[in-house]
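Below you will find the structure I want to go over with you.
Chains here go by letter, A, B and C, matching the order in which they are written, and residues are numbered from 1 within each.
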């Protein structure tokens, strides 16, 4: 399975690394870090989830610190974020509040893409390494939310995964689809991509509908 | 030793995971996270210390992401925290400040329980894996404080272990008792539970007496 | 190589652990943690980078939790920080703003020393463990910035590595020098120490010149 899915895993990881790295760079721009700070946050966000995954599975040194594909992807994404910085700053000079809104929205959608591909690639890698089914599901979820959580903690924010919206659940669903398909010997590339689309669909629907999980009312209604 | 203490370790871990997971859920309630945020924080707090322990010892994938006992325990605790949320919210509507006080106190005592059992179970596992004595003591301490520290950082607080009260020291004492007993070939279940009671006793005494370690005076007295 | 550079690595690590641990302790003093909080932050800052390095390389349990040299060094540094606390507090009573300035400056220079020696020792250890060249460079950089980043996150600050100044780049340069020298079979103790001096020189120059990487202007100039 390791060989059969190697290309698929690489493709998923490259997409996820790029999406998360750009999101990290944009959060760095919004936080007004300098160019190196933006680049470092892009690297940590892009590679963080995969490094946590590899450490949990015992694949050390993690691919994220030596695979040329991974490093090339994160380098490209961090350069893109750094190049976008003056444009975004220029924009914000003319329309002060637009920059924050625009970045916030872009980060949400980039996160959704990264979440979807990393949930699937994390579960695939855990299966390939022979981890038990429950572990495969949780490794998928941790891979999916890890980079974004690191980014938010480092930028001084409470991680998205703890805040208002449907976030960890689609990752768990996507990883579960992969693991169940594998246990039924039905795990093909089509199934894996379908799982990606499923996670992405749920997460994007949540963003669009502002579909929030019930939370405590801030102001008590009449008793 | 690994076999002999397997039941003991499992019992300690289940207690610790439950206590820490409920504490994480309550911190999530206090921070007004939604239900999934509460559940995620409960999982990270309950399993975090043990996952750090297993990564430090090289036991990957960590038991915290595949052992059915561990996952069942953390699931039960997170459900308990989610179910407690409306009650706590209802309470806080009638008595606004009580909720925060109540949660703060519950978190302190749950932390004390988790600290005590994880200090001992961490040291036991490190011994079983053949780590050197000093490493066993520090692994015990890190297991004990790790989950709570993750919880606090993710919720945007400075971790308890760095703040005002006696916290890391009882964990170090408990782990040391276990390691010394093992080196004297006197490590029985009774000794291990006695170490748990010792850590718990010191920590609870510290909470009750508000026994604070000396800190710098905020306002200089007359010279 | 492992044997040949063992003494060198130990010397570098001891210096780095001491410098970072004192910096952690001082940040704890500035944040008005109690004596145990100061000690815990000193330990985490001193040992954090090396523990991350060892986990990434698969050297578990990490040396930072059992090597007597490492533990003795961090113990000495944390005691020094704890002993310095009353003096610094006394100073700040007479000259309120001096304490914060003084600590801020000391932390910057201690960080520069730790950064320089850990970048080189991290790369050396990765080479000794047979990691690929790119991984050796990144392991060096992560070792160098890891402890300080943990310290800042735990103390509730955005890590230095993301903020205004030249920080990660000298670490990458120093690790690269070591890896290139090794690939040319020219890695001697002299080269390693020269790499340390190079990193330290760049970082200190950056502090002295307040050499900041370009960042977005806070106030738009006239269009």
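Convention: a residue touches a chain if its C-beta (ideal position, glycine included) is under 8 Å from a C-beta of that chain, and two chains touch if they have at least 3 such contacts.
Nothing here was measured: the structure is a model prediction, and the numbers come from that model.
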| item | value |
| --- | --- |
| Chain C and chain A - chains in contact with each | B |
| Superposition of chain B upon chain C: rotation angle, C-alpha, nearest 5 degrees | 120 |
| Centre-to-centre distance between chain B and chain A (centres being mean Cα positions), rounded to whole Å | 29 |
| Shared-contact residues (touching 2 or more other chains) in chain B | 55, 58, 153, 156 |
| Chain B residues within the chain C interface of the complex | 55-58, 126, 131-132, 134-135, 138-139, 142, 149, 153, 156-159, 161-169, 212-218, 220, 223 |
| Interfacial residue positions of chain A with respect to chain C in the complex | 28-29, 31-37, 40-41, 51, 55, 58, 60-62, 65-66, 68, 71, 85-86, 89, 93-94, 153-156 |
